[in-house]
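Have a look at the structure below, then the notes.
Chain nomenclature is as follows: A, B, C, D, E and F, assigned in order of appearance, with residue numbering initiated at 1 for each chain independently.
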Amino acid sequence: MQMHDAHRVEIIIEAVMERRLCERLIEAGVTGFTVLPVHAGSGRSGHWEREGQVSKAGGMVAVICLLRPDRVDSLLEAVFPLLERHIGVVSVCEAKVIRSERF
Amino acid sequence: MQMHDAHRVEIIIEAVMERRLCERLIEAGVTGFTVLPVHAGSGRSGHWEREGQVSKAGGMVAVICLLRPDRVDSLLEAVFPLLERHIGVVSVCEAKVIRSERF
Amino acid sequence: MQMHDAHRVEIIIEAVMERRLCERLIEAGVTGFTVLPVHAGSGRSGHWEREGQVSKAGGMVAVICLLRPDRVDSLLEAVFPLLERHIGVVSVCEAKVIRSERF
Amino acid sequence: MLELAADNLTSPMILCFVLGVAAALARSDLSFPEAVAKGMSIYLLFAIGFKGGVSLNEAGIDARLVGAILAGVALSAVFPLVGFRLLALLTSLGPTDRAAIAAHYGSISIVTFVTAVSVLDAGGIAHEGYMVAVAAAMEAPAILTALWLVARGGGTTQTGGSSGHHLREILLNGSIVLLLGAFAIGWITGPDGQREIDAMITAPFKGVLCLFLLDMGLVAGRGLRNARGIIGPGLLAFGVLMPLLGAAIGIAAGAMLGLSPGGVALFAVLSASASYIAVPAAMRVALPEANPSLYLTLSLGITFPFNLVVGIPLYLWAATAFAGG
Amino acid sequence: MLELAADNLTSPMILCFVLGVAAALARSDLSFPEAVAKGMSIYLLFAIGFKGGVSLNEAGIDARLVGAILAGVALSAVFPLVGFRLLALLTSLGPTDRAAIAAHYGSISIVTFVTAVSVLDAGGIAHEGYMVAVAAAMEAPAILTALWLVARGGGTTQTGGSSGHHLREILLNGSIVLLLGAFAIGWITGPDGQREIDAMITAPFKGVLCLFLLDMGLVAGRGLRNARGIIGPGLLAFGVLMPLLGAAIGIAAGAMLGLSPGGVALFAVLSASASYIAVPAAMRVALPEANPSLYLTLSLGITFPFNLVVGIPLYLWAATAFAGG
Amino acid sequence: MLELAADNLTSPMILCFVLGVAAALARSDLSFPEAVAKGMSIYLLFAIGFKGGVSLNEAGIDARLVGAILAGVALSAVFPLVGFRLLALLTSLGPTDRAAIAAHYGSISIVTFVTAVSVLDAGGIAHEGYMVAVAAAMEAPAILTALWLVARGGGTTQTGGSSGHHLREILLNGSIVLLLGAFAIGWITGPDGQREIDAMITAPFKGVLCLFLLDMGLVAGRGLRNARGIIGPGLLAFGVLMPLLGAAIGIAAGAMLGLSPGGVALFAVLSASASYIAVPAAMRVALPEANPSLYLTLSLGITFPFNLVVGIPLYLWAATAFAGG
């Protein structure tokens, strides 16, 4: 099957920032992204879990964005101001996608 | 630790298609897959979120399937008929796995 | 944007082992990890889904850990004893991260 | 009639829905977890089904029951044809979108039905308990008609799996199974069974319905916000005319069956209401090319509130006037 | 006895379970969100624990309480030895699978217990409130016996973490803590406390139990569908004989302790029932080599429905006959 | 006073909270799904808001209502200044952490408020229904003061999006919208509306509150376990002194407004309580550099239990003594 080069960007960021991040991504012109719920985590700021929590304060979401390799930089630049001051991690993997016209 | 080549296929597809996709994967002879819930997303067909929803209509799931590199093509061919007419994205990353006898 | 080499380790393991796995990871000195809920899955031990379940017995979680390439081996060695006897899969992808000082 | 409408407008149920829509339009982050929304919907389906079954047990099987179910199936199967045609008059949509939308209006909205039952109960207006079974019977036929409409036009409707597989999936849809299952349990156990679980299915019912309507308002408001510009005047007209047409036909059918005024009103409500849970999911599977924003916005954002606010008192008034109350 | 059984069969509770199994076997997509299932289970554990504590507060501590708890612990610890041996007679399973299955039958199913309490209450049959504490005490010992059985046979049972760590985890299992905690709160606050929250823990109890049984039926039916072919005739026989054996021993023990007929029946139910929440999770941790399909299908798909439908009325009848009612 | 305190300590509500804390400290795996916790919180906010609105409908609008709301807004805006200064005296924290903590104490904890209302109702002590509106009004002003404190000190407070955007987000926070929306619905529908949904919002209220407090105990206990060593003596003192100070000011303000003793007590409770839902989320957005462990542990792990166990009876006693009861 015909595959095309793409990058898979995964942004794990505080749940309170989800709405702002999504707005930024759309402004940055990505064609799409997907938000996964996160259940628990650990980092330099300690361990947390969502069980029993009502406040959005302690919790993260994972945002996955597939895009053409040449667009990664502009995406990262668009979202960097959000990431800089908030806890979270960003990783980029090389990937292949089918139906490249979608990205 | 001894690692083996594998591919990580990630299929983000409409929740209503989950059952059919799983059946296809099993028919295609994969040894296993894992389904992650999806919370929200954005694409050419707009933005959606699961909060407060009862209908399965608006929503996606993410299916992760690790498999031997030589099996990727047959998997993609098996699931392509489903993907062709439904919204969703497919990406493939190169990966390493332990315990290759499992794939 | 300045990117740094990293590895993305994804451990899909039984939910009952989550606490032990997290303790192991922290002992192994990782700087952080993120736990995603899992909704359903299929493998050699059959198909399962979480819907309607109360017991933790049938269910998995996915743990994502980004770390410097040179630390992957010690992480895998630390968690291997858990994985050996329990169902689950481990995969490692090459990735790039921003803010390498975090890993 | 006016009094009924005013009472309706200031009922906690309608106000909860309005609060939800307003909060979503104002972009408040108020929301219900998906699991809570599903839990409330399970509760409502179970309770309404069970109570319907108990009242059938008390009233005994009635020749009209069979007639009402057959009439419901027929109307559900025929409405999509009407809707398909009406959409061709009012809009320039293609056949697939028209069929998908029309399927929603042939099927029913159980929450609209439940709200109407609450209004009848509050007003002390009797109605046939088996209308719940009629509601369940009306869920699926419209889907089949819509698929037939598309197939007839040369469109493709199946993805993966035979057509029998698909039919079975439609008929074994969770909400149909729960509604009919609870109805059967209510029927078997009768008033004795009801006494055992009454405190859970009757007393808190209206309160849960209020919270569920609040949630539906939030979802509808979010849909309206995202779908701005999608619904032109033609579709908007359809979203109001189709329920009125459906209600009129429903009243005629109900009266011909000899139902009580309350039963006629419920028949009208079922005919007027549009599905937003089972049918959208079925359309995503069978007609993935149809645009979901169209049918979801129309059904949940236009017709549902119209029926809730204007329709229920109107149909009740008409049913009483027509069927003699 | 027959009347009891017939009444039981047509109670909303049993019918809900049957509906769930049927829907799952027919491959309906009806399902409860995981969070809703857990929420209902928290509610049931809290309510039954609290009410047990209140009734202990009212009745005062009784010498029999201590005896019943000790007897419960002893039975829970001994049953796995019986089950282990019985499985060797009936099946060709290896020691690890046999130990894992046997652990489930030494422990208890709180929903079976709760259903039996509902049946007793509906029939106006008195029973000791502290049986809830006995239930909690019987959850864990069986696990330790099973681990001992495997260790004795040279098997490995620990993964990561010392054995003390593991024991602590078993004893601090969420359902034990909630049941005992609610029991303690009910005991401390007594009837005054109950009055404060009675409307929430008593009135809707049976209705919630119905919905929970519906959910359990769905999960059990799904398990049966997936596990077709796994349960041979030997295992099937075990799934019915072991509870009967347990119940007989439980009745004897309860009668020797001088419990009321209702209390004896509950002792029998606890002895006969098999865990499907706490023990499966503990087995996955400690005996990962044991096949979960075996114990889950057996406990939830065979023994649970058997106890629900046949067992409870049978044990109640036997307890009344034996302990004089 | 002592009797009140003792009654309070052995109420099911407090005991549930204690059970939760103990289970978490003992590392039990007892936990509530996130969706269940959110569902309970929606229920409590809706019920308390609605009942407040109904009682305003019954009592009619009162000049004091406006005064109480204005006073509430003023106190909420001023308390962070007090807290900011007090933290400088007691700790060596930087201005951002001090501002973030202080914001929590200017705002309110609705569960503390709800528990206090339950205590008043149980004791038959009358109070103004509109105190719910005062509670809603006090949620947000403190956040703005805290941001101003940081901005004045040269700190940065905004991330992505204009300041208007941010203000709007604070005011349209889900819990404020739900509380005020339910209040408005209760006010519009009055006792008629209440009658319709009373069985759901009144009878089970206390039971749900108990389970919610159990969940909060679990979360608080987990926080305390993870945050060991974070809260030094200075912060600990703040976590107790600040509510006492707030309560004293609240009592004075309430008495000056001429509220009933019950109303004065509620004013004290609002002033004394610290937010742990809305404000932490707002602080994560606006002051991400502030350490969340500090404010979450302090608010939920120290001040919340202090108010629950010691504060509510103390403030009630003082309000009665002061405002003449």
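In this section, contacts are C-beta pairs under 8 Å (C-beta built on N, C-alpha and C of every residue); 3 or more make two chains touch, one makes a residue touch a chain.
Note that this is a predicted model, so its numbers are computed, not measured.
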Check: In how few steps can one go from chain A to chain D if every step must land on a touching chain?
Finding: 2
Next item on the list: Would you identify the chain whose Cα-based centre sits farthest away from the centre of chain B?
Entry: F
Notebook entry, point to check: Where the centre means the average of the CA atoms, what chain is farthest from chain C?
Noted result: D
Margin query: Please tell me the distance, in whole Å, between the geometric centres of chain B and chain C computed from their C-alpha atoms.
Written below: 18
Checklist line | Separation of chain E from chain F, taking each centre as the mean of its C-alpha atoms, in whole Å | finding: 40
Check: Just curious, how far off is chain E from chain A if you go by their C-alpha centres, in Å?
Finding: 44
Note to self: Show the residues in chain F shared as contacts by 2 or more other chains, in ascending order.
What the structure shows: 29, 31-36, 38-39, 203-204
Item checked: Multi-partner residues of chain A (at least 2 other chains) -> 36-37, 47, 49, 56, 93-94
Checklist line | All pairs of touching chains, each written as two labels joined by a dash | finding: A-B, A-C, A-F, B-C, B-D, C-E, D-E, D-F, E-F
Check: Which bits of chain C are touching chain E when the two form their complex?
Finding: 14, 16-17, 20, 23-24, 45-47, 49-58, 81-82, 85-87
Note to self: With touch defined as at the start, can you tell me which chain C residues reach chain A in the complex?
What the structure shows: 1, 3, 6, 8, 18, 22, 25-26, 31-37, 61, 64, 66, 93-99, 102
Check: Inside the complex, what are the residues of chain C that reach chain B?
Finding: 10, 12, 36-44, 47, 49, 60, 62, 73, 76-77, 80, 83, 89-94
Notebook entry, point to check: In the complex of these two chains, what residues of chain D are touching chain B?
Noted result: 31-34, 37-38, 41, 156, 159-161, 215-216, 218-219, 222, 226-227, 276-278, 280-281, 283-285, 288-289, 291-293, 296
Item checked: In the complex with chain F, residue positions of chain E that touch it -> 33-36, 38-39, 42-43, 46, 50, 168-169, 172-175, 177-178, 181-182, 184-185, 188-189, 193, 196-197, 199-201, 203-204
